[in-house]
Structures are given as structure tokens and as C-alpha cells.
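Mind looking over this structure? Questions follow.
Should a chain be cited, it is by its letter among A, B, C and D, assigned in written order, with residues numbered from 1 in that chain.
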Amino acid sequence: MTNSSPAVGLTRDEMAQRAALDIPDGSYVNLGIGIPELVAAYVPEGTEVIYHTENGLLGMGPSPQPGLGDPELINAGKRQVTALDGAAFFHHADSFAMIRGGHIDLCVLGALQVSESGDLANWSTGAPDAIPAVGGAMDLVAGVRSIRVITQHTTRSGEPKLVKSCSYPLTGPAVVGRIYTDLAVIDVTSDGFQLVELAAGVDLAYVQERTGADLKPIAIHPHGGD
Amino acid sequence: MIDKTHPDAASAVADVFDGATVLIGGFGEAGSPVELIHALIDQGAKDLTVVNNNTGSGEVGLAALIKAGRVAKMVCSYPRTANSTVFPELYRSGKIELELVPQGTLAERIRAGGAGIPAFYTPTSVGTPLEVGKEKRSFGDRDYVLEYGLTGDFALIKAKTADRLGNLVYNKTARNFSPVMAMAAATTIVQAGALVTPGGLDPEAVVTPGIFVDSVVLVPDPEHESVLVERGVSYP
Amino acid sequence: MIDKTHPDAASAVADVFDGATVLIGGFGEAGSPVELIHALIDQGAKDLTVVNNNTGSGEVGLAALIKAGRVAKMVCSYPRTANSTVFPELYRSGKIELELVPQGTLAERIRAGGAGIPAFYTPTSVGTPLEVGKEKRSFGDRDYVLEYGLTGDFALIKAKTADRLGNLVYNKTARNFSPVMAMAAATTIVQAGALVTPGGLDPEAVVTPGIFVDSVVLVPDPEHESVLVERGVSYP
Amino acid sequence: MTNSSPAVGLTRDEMAQRAALDIPDGSYVNLGIGIPELVAAYVPEGTEVIYHTENGLLGMGPSPQPGLGDPELINAGKRQVTALDGAAFFHHADSFAMIRGGHIDLCVLGALQVSESGDLANWSTGAPDAIPAVGGAMDLVAGVRSIRVITQHTTRSGEPKLVKSCSYPLTGPAVVGRIYTDLAVIDVTSDGFQLVELAAGVDLAYVQERTGADLKPIAIHPHGGD
């Protein structure tokens, strides 16, 4: 199948905005590098979310004003951030105690592939000359209660990223709860991929065609959380 | 808006259930959340497993909770101290169970519980009666025992200052077990001597980040256990 | 009198020996002890095993140490970052070894090493290629892998402020791995942006107590790695 | 043997003073409850020793002036202390990381019995109606590099406390390096008890008579450390 930049589907910011809608008030949230980083900007007014960055900060705020950043106040993507009132700094072992110990409510990550059983592959394509690099991804999926993924529905060459079984090395087995793509919101259930919501201009057949596993049609509770 | 404050100790401990495991901060009287414990006595939960370094003194605080018959089992390192008579009497008459844990192992087990570590190896207790029943294993040229992470349904702890997000700082050696207990409990309830708005605590100096805290009650002038014992107070 | 200060970085790193394991603080450039690393390059120790979250960027700091051929093996979680070319080239040509460790496991292994815990169980990496070769075990209904404590001969870390006893506080997210590395190294060497007399640091806010520190060098205006990289600096 | 308060031998304070002489400048030291607590007062002028108390303080100072104490600034014996300039407070897991991780240089403890192979019994007499209580003693002997004991040479009823083999439950096997009693300073060596120094007015025979295992006479290096 080919994928020539379809006019349909959500932009990166729209995907982030959609994911932001599902974040409950008062949550402790870790956002992965890339599109997930955009989510913070779209959390609705009146919802207080506390952002954790695994390099040692709870209460992370947005990027600093130009010229006001500190190269030693960064996020996990190594970009400069700010610390909000009520923030706390801590060391790496304490930070991953929060993660591994189940204290972070939800995490939004990028993905290379997600399987219909919720397996996530997001750290390595397994290419022989690639430099293996895992960072904190395996700790996050092993420890955070709810793992959500934001990803383009297909690769640049049009291959499905939602698959029956991941061909890339796993970050963790059976960990993903919900997936936000440019085409749809999809839950991972014991029955596999469950369509929750379609982007404007696409239908089930269109999304199914671009998905590597069966997609259950929208059920009775389309906006249920994971 | 996140606001973890409660109007009083009674509402903060309202959900403690019969049979719960309750981690109670403090080393002797330092850091003992006396007002929260008294609220728990009033609340009535029973068959509790309580984790504390000691067993309280006199007939106030933890000793009063034990005396009221609410504690089925104590997990601690040093169950006898000056002015500690309640626990020894119940223990000798077989009315309360004791799990004796070396102090450092107790602290590490609680930290492990809070950090998602199910078990770890430690040299402490090897070659002593407390190794009995524990799995042993050698690493390098030394023997170790396997110890398990310890978690609680609730933690009751005392802080010096808190904010509405649950960020905490402590007073001197009143810190002791409280930061790890806050990590290890499903629900952590704090009595704080002062409340400040977020930003009122230096983010570099926060000891317990709010993520580990569920409920905060302002108790501006907490009682000192030793003063109550000296006055002969018996709670309730 | 205890005085852990050294007059300069060169004297502080003088004892690092060939084949040593060196824990180097920092997450990216935040907390990277650039001046200590440069002193280590000048000093000449080789065949080092270096533990750091990353592998440095540009041709300064950790990347320069690697480029100088002094590092036989890297232990890290994320060996590729923006402006990181030195390590990838050496790795692809088989000239440097890599032990890839998930970030939280790396932090916990270092803490365990410093805390006298030889090994612990963690759920991280179960069901992934990184579980290969690791001992597995179930606790409750979940699988875990056994991970080993990690210690170093030396730690090189960067602090914001120190006193002569080695008490340290850090700057924001520059704290990262440094407190646990200070615990896990036989000899911990610190570059501090400021020195105060004992009592100048709030005892409630000290992050690394001096017991974990051996040498302190004042480096009042440390270089930022990103600034050096942007300027195209190559060390030495 | 009977022991009717002999006129010979060191007082509690003299024993503490003798132990203090052997503490190297710059040491990190943990002092047990009882006579060991007295040691701090006798560390020679010019020697800077940093005291650790396992309930979360490094840089412990002497008792507070009357009326200036804080019931929440106490030592492991639950007595009020002070914090010196350069002190640091920390939580219990960090405190025992210092102990277990080998960071404390030496520890001075009390004893019920010490065996000639260095086994220490100091937490329980094993009496059937005793409330078992171990505190941090097992962690200290498992983690601290050098364990020294201060104890009366015999029990109140005159029984030896230095024995071939401990009859009381152990705190730790083969952990004690040096013993300071009211009658002598004794090292535990691979050959058993090695007399290092005698108190004024006693001789080897006198001490040997009150010791439950062979005592090697004073050797060439009587003041060597352990």
C-alpha cells in the first residue's frame, strides 16, 4: 500500500490534543519524547496535571522564555524546561522508584509498533548497525499503571504500525492500553484492537486497511478510558 | 485543582479498614504522628498489622492503639523501650503477634516495597537466629539472605511543613522512616505542623514529593509523646 | 581537621588508575563534570569502564574521553544523542564495548551497589531482548529479573555547592545520577560551583552527606557542554 | 568465681576514654547505646570525628543545654542530642545504606558476649520470656568495617563475657576486632584473643582467670589497631 501524505487525519498537534482530553484531573503523568511532549500544552483549563520527567523533576512546566533557560533544567528529551510552583527535584533512583513503584498514573509514549495484545516496540528497529539505546522506556512500561501511545497510524512508507505481532524488539509485553493515531483512537482489549473513535474523513474500512490486525468496530462506550 | 488537605484528622483516617496494614512513622517519639493515631483509635479499625520501629510508650499514641486491642500484629525492630509496658504484656500473654526485623532491613524492605522491588539480598542477619527460614545465597565470597519488599495499605506520618500537593519536609530526626513509608503505602496520610502554598517549599529541599502523599491534615502544635507520658495521660 | 578540598582538578583525579571503573554523573550535559573529565584526559588513565546515562556529545567532556581512546567499555542506557558521533563510530568499528542497561535499572543497580545490596529483582526488561541471560523469578503473579549492584572505583560528579566535609547540594536536574554514584564509588571526586564553611548548607537540605565524598574541587564557572559543542571546541 | 566490685580496673568513663584514643582523625563513627555513647566526649583535641546515628543524622553533637533540646533531635538511644555545623539529616533507608554499604569506618558497641573468633552477642539473652528486640545491631555488624566492643570484663555475677563460643544468640559471626574492658584491651585475631594492654593493677593471670578462652600474652605491637 502507498501513503502519499493523505489530506485526511489529525496533525501531530491534534493527536496530542486528543490524548490530552483523556487525562484525568490530578494525574501524575510522564510524557515521552516527540509528539507526547506536545500533550502538556493541550490539557484543558481547570485540569491540574503534574508532569514527571524521569531525570529528576516532578512539577515540570513548559519551555523557558528565550534567554531564561538553564542548561541544567531539562526534560528526558534533554530540552530545557521550567519548574512550576510546588515542584520537587530528586535523584535518578528516587525518580525510577516513582516509576517502578507504580506511583505515576499514566504515561504517553511514541511507538514503532504496537501489537493487538498491547506489546510495545519503541526502542529499536533491530537493524544490525543501529546503536542500541533504551533509555527509560522499559522502566516506564513496566511500572506505570496506564500506558498510552501516540503514533502515526503507518510508517512513512505506509506500513502499519498497529500489528498482530511486533517484528521489532519489544519494550514490554502487553502494556499498552490506548493508542492515539492520526486516523483513530483505538483501545487494546482482551479481544484485540477496539476502535473507539475515527478521525474526520475516514471510516472503519479506511483505517482497517492501514492496520495490521483486526479492528473491532466502535462499540457502545466509544469514549471509555483504558 | 489538586488539594490533598483534609479539615481534620478524623476525616483523613476515615477509610482505614479492619485488617489493614498501617505503616506508622517515627523512631521513638520523634516523628510519631500522635494526633493521627488518636484519630485512628477513635475511628475504630481493628485487626491491624502495624509497622513501626518500636511499640510506643506509656498509654498514648501507638501504645494506646495497641492497648485498645486494635493491633493484631506488630512488625518492628525494637519492641521494648523505656516506658513501654503495653506491648510486652500483650505479647507475653500471646495476644499480639510480633515480626522482628533488623532495623536496616526494615527500612530497606519498606523502600523496596515503595520502589517496585519485590525482593533483594542483604548480609544483615546472616549467621544469626534471624536468618532462620530465610533463603540464603552467596554473591562473591559472602552469604546473604533474601528479604521481601514491604508495602502498606496506609501510612500515617508526621511532617514539619506541607503544601496542598503533598510535598513534605520534616523536622530533624523526626524524618526517619516516614519518607520510605510514604512511598510504600497505597494511601499516605500526613499530619503537618504547617501548610504553605505551592512554591513555599524549596524544590531542591523537598524530602517527600507530593506524588507519595494522599491526605494532609494541619496539626499546628502536635503533642510530644514523652510529655504526655510524663503527665500520665492515657488515651482516650 | 577534615578537609576534602583539593587545589585543582588535576590533583583530585591523580589516583585514577588504568582499568578503573569510573562512574560519571550527568544526564546529557546536566550535571556533567566537564572539568573533571578534562583533567582525567590530561591525567592519562586508560582501559576505563565508564558508567554514564549517555556517551557525551561533540568532542568535549565524556565524548572527548572516549575519543581519546581511554574508554574500553561504556555502561549506559542511551548511548546515542544529538551531536553524539564519537561513540557510535567506535562502537560500529568494534573498538568499544557497550553494556546497555535500562535507565531505571542502571540507577537502582548503582544505588544497590552503594547500599550494600548485592542483587535485587525488578520487572524492568522482562519479556524483552534485554532479559536474555538474566535469571528470572516470579513473585506473586509477576515475573522479575535479577539485577546486580554496581560499584565503581571512582565517581566524578558535579555539585552546585559543597563544604570541606563533602556535603553537597545540586542544581535542579543536574542532580540525576550523582547522589547514587557518590554512594557507589570507593573514591568520589566532586567539582563544586561554590564552597561554603560547614554550617553553610542547611542540614535538612543536604542531598549528599559528606560521608559519600572524598575530594572536592572548586570550579566556580563550569563550562556547559552544549556551549562548547556549539563553539566547535574539541578537547584537548 | 565471685566478683565483689574489685578496686582494680577502669571505670566506665575510663573505658570510653581508652577506646576514644584509637579512633583515627577523620573517621565516620557510630556509637552504640550505653558506655559507647561516652566515647565521643573523650576524642582527643585536634581529632575531628563525625558521628553517625542510625536514626538519620551525620554530624551528631553532644547533649543539648538544659531547656534547649528538641524531642525530635535524638540519637539511636532516644536521648536528645545536637547537630553540629556541617551536619546532615536523612531518612532511615539512606542511613542504613551508609551502614550496610560499608561507609561507616568504625562502630563501638556494647556486648553480652564476644567469642574468641569475634562472634558478637549483644541483642538477646535468649530468655524465654524476654521480648526480642534487635534494633540496628545486626545491620551495624554486617556493614561497618571495624567493630569494636566496650564491655565489663565479666557479668555482675562474675561470669566471663569473653568466651570460647557465645551461648547467647548471635548479633553477627566473626565481626569484632577489638575489645575494651575494665581490665584490658584485647584484639580478636585468627589465633583468638590477643592481649594488647592491661589495666593498672592487673596482670595476665588475673585477666585470664576472668576470661572464658585462652588469652595470648602481649605481643610486639601492643598498640596496633584492628
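Going forward, contacts are C-beta pairs under 8 Å (C-beta built on N, C-alpha and C of every residue); 3 or more make two chains touch, one makes a residue touch a chain.
These numbers were taken from a predicted model, which means no experiment stands behind them.
K.L.:
Per the definition at the top, count C-beta pairs in contact and tell me whether A-B or A-C has more.
P.N.:
A-C
K.L.:
Can you work out the whole-Å distance between the CA centroids of chain C and chain D?
P.N.:
37
K.L.:
Using mean CA coordinates as chain centres, what's the gap between chain A and chain D in Å?
P.N.:
That gives a centre separation of 57 Å.
K.L.:
In whole angstrom, how far does the Cα centroid of chain A sit from the Cα centroid of chain C?
P.N.:
Chain A and chain C have C-alpha centres separated by 29 Å.
K.L.:
Tell me, which residues of chain B touch at least two other chains?
P.N.:
Only 108, 111, 115-117, 122-123, 170, 172, 204, 207 qualify.
K.L.:
Which positions in chain D touch two or more other chains at once?
P.N.:
Residue numbers touching two or more other chains: 83, 89-90, 93, 96, 99-100, 142-143.
K.L.:
Think of each chain as a node with edges to the chains it touches; is that a line, ring, star, complete or other?
P.N.:
Topology of the interface graph: other, matching no listed pattern.
K.L.:
Throw together a list of every chain pair that touches.
P.N.:
Pairs flagged as touching, ordered by label: A-B, A-C, B-C, B-D, C-D.
K.L.:
In their complex, what parts of chain C are in touch with chain D?
P.N.:
It is residues 1-2, 111, 113-117, 163-165, 167, 183, 197-199, 201, 203-204, 206, 209-212 of chain C that touch chain D.
K.L.:
Quick check on the complex: what are the chain D residues that touch chain C?
P.N.:
Touching chain C: residues 25-26, 28, 46, 48, 50, 52, 58-59, 83-90, 93, 96-104, 142-143 of chain D.
K.L.:
For chain B, which residues are in contact with chain C within the complex?
P.N.:
Touching chain C: residues 108, 112, 115-123, 139-140, 142, 144, 148, 169-170, 172, 202, 204-205, 207 of chain B.
K.L.:
What does chain B use to touch chain D in their complex?
P.N.:
Touching chain D: residues 27-31, 53, 77-82, 87-88, 91-92, 98, 100, 102-108, 110-111, 122-130, 170-180, 207, 224-227 of chain B.
K.L.:
Taking the complex as given, what residues does chain A use to touch chain C?
P.N.:
Chain A residues touching chain C: 53-57, 70-74, 78, 83, 89-93, 95-96, 99-100, 124, 129, 131-139, 142-143, 169-174.
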